[in-house]
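In what comes next, subunit A is part of two complexes: it sits with subunit B in the first one and with subunit C in the second one.
After this line comes the complex of A and B, so read on.
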């Protein structure tokens, strides 16, 4: 039985066509995945189906046909949409519990203690019901929006990248819930950037530049690319390499590997004549101490709650340090203490060999530090060019220097064509790269990157990591980075794992592989988390 | 260099918020026009002074009709000169001179002339007071059946043009409101959009960021004032200016910084633009009330009159009225400039300390 039929749906914003003539149908109790690069049109189609944007074409839900948001009003109580973005639907000044009350009232639902408790536990928010949404960590916000969209037990669940910034443990739990609700008769359309998640869906549709270019089960999609997938990573102008695999259209003298869904993106990009970006970063020697950051027993408390508990951390010159941990483990809080955005409650901090105590101690160091925040916060009323010009000037670059640098970085990081767009108008992957550019303009010696790859598509992520490693190799920059893609941890020299504000592991990646032979990093992470039960 | 970067950024952000730009334009033009044309005010606690040359009971009878809440208890003056002085110093708004002639004529059934002095710089109140006065005398006429003429001498604003006053008062209230909102919003917008941290990480002293941000909005205010004065005050209402326009800009500039200090406090404690709006209203009302824009200061209780010395708007309004209507020169205005400057320094210091803690 088909529950949803989408016929020739197009969505456009002004001149820009976001999705063109999309047609597909969804079976009862089916879980359909949308995958595709940023800006491929997934969100627009999801919004059209949920009846929140106007569209051309026809959508039939059960037996009801609608052509506009107005006509879709009738079925909105059976459909639940969770839009993309870190907790956009939340109110910062309501607590978790108040959000539940509010949404329950809004939707006219009866209170179901058991179910709500389950949702809260799944999201790891059960203990934090009284905390204001504004004080939750990025991932916790995401999970709260997610469980709120599940509250109404919709017949058709539409999730737009629900697991962006969500830790591996919660991601697994989310799937348990979705599967269970499917048993009770729910269908779902879910867009995701995690290919391991997409593999678990009944059917996947691949989007590219406003069109659906392939659809089928994960194994069917993978079948098409097995001829182009090789083991290992190489440096090449014609092949993409990411996560221990290389994708190339021309035959290579390498061992073939079993493809993964991620490969679909690379092969598709190659078939369209796209080439990996080669970052030309000039080699440079910087004269800085061997230890860039040294934290001694740093502690941060919010009231009685200890967000970071006596954390010791060292970042060496030219090192990529991955900071891992579940949502709310204290990663962002730690970075903010290092940056001086939060006062340090206890402990000592040394930056570039200098003890940091006061605001004045920092001011001269600011020009040596680059930071990309979890939300890629840039000025939304300024175009990308104006944003960059502002940052350059603030860092004391003169006109000619600044326009030279901006041109250089926009070419290097591949966002030249978007220079006169506003941040809202460009795909997330582009925003991410331009945030990094903004953080690099003044040539810092250390970069703090808080989940720079969350919500960014696969090809952009592979380019990003290439850039990061190049920066490290050629410029000697040290990088502290957080991520929830465990496979990305492989690119770090060392990882520190936080759990509930305590550092439970701090080791070289190769050592961890030795300790847990044969496991991929996601499993290593899950193992570490299980073993170290603090509290 | 860094300052110009901040200024440029703030101007771009301002002009890209079309809604805000429209609102500001409205507040500086149409709103002033409507206020100039429209508002009616009932007198409250108007202060009256009188000179009783005739020393007659009829005078006391007439005087007894001026009672609260419209009027304060009338005050007796010994000479016309003392009364005029009191009006000049804004102790008294309306002065009535009962001459010997008046009483004589009144009793003998001739046309009696009554001299009334009003401080027309608060034209609205003065005008309504006159209407009251006429009614009171009219009642008398019915009883004693004699015609009485009122001879009105208007001080300082000979044509007693309500719209000039109302439009200027409205302009000043709007400058207060917009100053508070605009300046608080440049800071709070950064909080709301999550760019606050990025701002803090710029290798620029907090003081420079704070000062540049405020300056950007003060300049926007100045442009707004220019539009309003040019288009509405001079253009439509043909308001005369007896003093110098430069003095007016100078006092406006000082006033903007005093308001900026208060706005910094608002910015420090608000997290959202909505909160800014709420706080602005809460703070703006007493500021305006204490300034004498609605009710003349001379008709307020001594305690409130004392409090009014702490309202930066008080000096601004008085100086502006003096510049426009009394034609006071720079030297006469010095006390206002001095007081406003002091207010600006004090308020700015408080605001700066408060927001500085977030840097």
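After this line comes the complex of A and C, so read on.
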């Protein structure tokens, strides 16, 4: 039986058409995945179905037909929408528990202790019920929004990139819950940037530039690209390479590989005539000591809670260090201590061999470090160019210097054409690159990147990693990066894994592969976390 | 209407306002405006039409007349009028101030001679300023003490203290500006942060959302009515001659008008900063101009007079001034009419706002 029928739905904002003539239907208890590049129109279609944006066309839920948000009011008690963005629906000054009270009242629900406990446990928030949402880590916020959308036990669940920034362990738990609720009769539409998740769904629809261009089961979609998928990664102007695979329309003299869903994006991009960006980054020699950052037993406490517990960390010259760990493990807190954004409660910090203690040291520290925060601290009211000019000014660059640099980086990082757009008008992948440019303007020797690839589409992520590696190779910059895409750890030289504020592993990626032969990095990570369970 | 929805939002809003310290501003700002402006509003007055009646004709009295004539503050005419005639000049608005130098003034100077000064009190603020000028001129110039009497065409303000004129007028300014900004901010904040999705996507009625959003600023500022009243009575010693219930009721209605304006502002803005700036701009200027503090509405030129009738502040302040200084209350038809007009404003603004709020992304 069909629960939802979408007929010729279009959504536009002013002149811009976000999604054009989308039609599909959803079966009872079906889980449908939306995948596609940033800005492909997935969110707009989800919003239309949830009745929060005006649309053209017709949507039929069960036997009720609606054409506008107003008509959709009648079905809103059966639908839950979780919009995209890091904990967008949360109130910073309300605690986790107060959020539950609020959402329960909002929807007129009875309190179901058992169920709520289960949701909280799943999200790893059971112990943190009194913490204000504003003090939760990025991923914890995301998970809180997620369980709040499940609170009403909706008949139709609409999730817009629910697992962005969520760690692999919680992602697996989320799927358990969704599957269980499906057994109880729920249907779901879920957009995601994690292709391993998409392949678990009953059916997938691929979006591109405002249209649904393909739909089917994961294996059906993959079938179409198997001729273009090769093993290994190559440097080429006509082929995309990412995660140990290369995608090319013209035949290559390489071994064919079993494709994954990720490949669908690359092949689609190739068919549209898109080429991988080549980053032209001039070679430079910098004369700095071998150890860039050294943290000795750094500790951070929030009240009685220890967010980081005696962490030792070394970042060497020209090294990419991946900082991994579950949500709330203390990654962002550690980076903020290294940056001087949080005072250090205990421990010592050395930068370029110099102990950082006083305020002056910290100022100097900031001029040596480039930082891109988890939320990309961009000014919404400024265009990209103005944003960059602002950052340049903050770092004390003069006008001619700054305009030269801005021009240079916008070409180098390939976002020149977007310079006069506002951040919200361009895809996340572009924002992410220009945030990196902003962090590079003052020529730091080390870059701290906090989840730069979360929520960014696959093609943009592959470009991003290319850029990161080029920066390291040609400019000799050291990079500390956090990510929840475990496959990206492969691009790091070394990874440090945090668990509940404690560093449990710090090793070269190749060594870890030796230790856990035959596993991909996500499994390696899960293994490490399980082994150190009782620590 | 679902009470649980309203309760959910109310609870959240109160927690939010208290934890984010907004509550401090809510109570600090009105009091600050009242105290700063209550003490602070002073005007420069020039070219006061002054009649000096000199009964002394001494060297000293000529000197005094000279002193008055040689400043930009006074336009002096020396006339020989009786006390009654002079008062009539003030009452018919032909003069602003009369100075009477009594016979044998210079002879009796050291025995405590007095000069009589009568100032038009119809615009009290100006009168007080003038009083200051005259005192300065006579005391510093000649070391003369003097009893100044301010003659008032609108008799009720005979006590001639500027607080009486200024402080009640500030109610109309404060309760227009502050509740509007708070209401606008707490609605727009949801848009700015993204939490507005909770409203969009849940089965909540527009009315429920709006009621829940407007109640906190309304309630918080209802308390301010009493706080400001206490300051006015006990700090500024302004009398209260009217009916407390009318004063209170009309103030609540007026706060409703203000939060209604905040609601409208929140519809056309999308950031808290913009909402704050816009709500302050559109309320401060009429709140000041037509409050009756700077200029009595009755002595405005035609255009301003008409404009003053467009904004609610004039109607409210009329009843407030009446409550403090006159006390006619609803015995005056004008007050009744003004009260009705205010009720219409409140209903119209909120109904308009509610119909304009969209429960969807723009």
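The rule is simple: the second predicted complex is superposed on the first by the 533 of 535 C-alpha atoms of A that agree within 3 Å, B and C clash if a C-alpha of one lies under 4 Å from a C-alpha of the other, contacts with A are read in each partner's own complex, and residues count from 1 in each chain.
Everything below uses one rule, namely that a contact is a pair of C-beta atoms (placed from the backbone, for glycine too) under 8 Å apart; a residue touches a chain by one contact, two chains touch by 3 or more.
The structure presented is a predicted model; accordingly, all values stated were derived computationally and were not measured.
Undergrad: Do subunit B and subunit C fit side by side on subunit A after the overlay, or clash?
TA: Clash - subunit B and subunit C, as placed by superposing on subunit A, overlap.
Undergrad: Tell me which partner A:69 touches in the superposition: subunit B (first), subunit C (second), both or neither.
TA: second
Undergrad: Using the touch definition from the top, say if A:499 reaches subunit B (first), subunit C (second), both or neither.
TA: neither
Undergrad: Looking at the overlay, does A:396 come into contact with subunit B only (first), subunit C only (second), both, or neither?
TA: first
Undergrad: Classify the contacts of A:42 with the two partner chains as first (subunit B alone), second (subunit C alone), both, or neither.
TA: neither
Undergrad: Of the two partner chains, subunit B (first) and subunit C (second), which one does A:369 touch, if any: first, second, both, or neither?
TA: first
Undergrad: May I ask you to decide whether A:484 touches subunit B, subunit C, both, or neither, giving the answer as first, second, both or neither?
TA: The answer is neither, since A:484 touches no partner chain.
Undergrad: Output check: A:50 vs subunit B and subunit C. Expected answer is one of first, second, both, neither. What do you get?
TA: A:50 contacts subunit C only, not subunit B.
Undergrad: Subunit C clashes with which stretch of subunit B: 3-11, 57-65 or 111-119?
TA: Superposition on chain A puts subunit C right on top of 111-119.
Undergrad: Starting from the residues of subunit A touching subunit B, keep only those that also touch subunit C in the other complex, and list them.
TA: Common interface on subunit A, subunit B vs subunit C: 92, 381.
Undergrad: In the complex of these two chains, what residues of subunit A are touching subunit B?
TA: Interface residues on subunit A, with respect to subunit B: 92, 134, 336, 339-341, 359, 363-364, 366-367, 369, 371, 373, 375, 377-382, 386, 389-391, 393-396, 398, 442.
Undergrad: Note which residues of subunit C are touching subunit A in the complex, please.
TA: 2, 4-5, 7-9, 11-12, 15-16, 19-20, 193-195, 197-198, 200-204, 271, 359-361
Undergrad: Which residues of subunit A touch subunit C in their complex?
TA: Residues 47, 50-54, 69-70, 73, 76-77, 79-81, 83, 85, 88-94, 98, 101-108, 132, 381.
Undergrad: Quick check on the complex: what are the subunit B residues that touch subunit A?
TA: Touch list, subunit B to subunit A: 1-2, 4-6, 8-9, 12-13, 16-17, 193-195, 197-198, 200-206, 271-272, 359.
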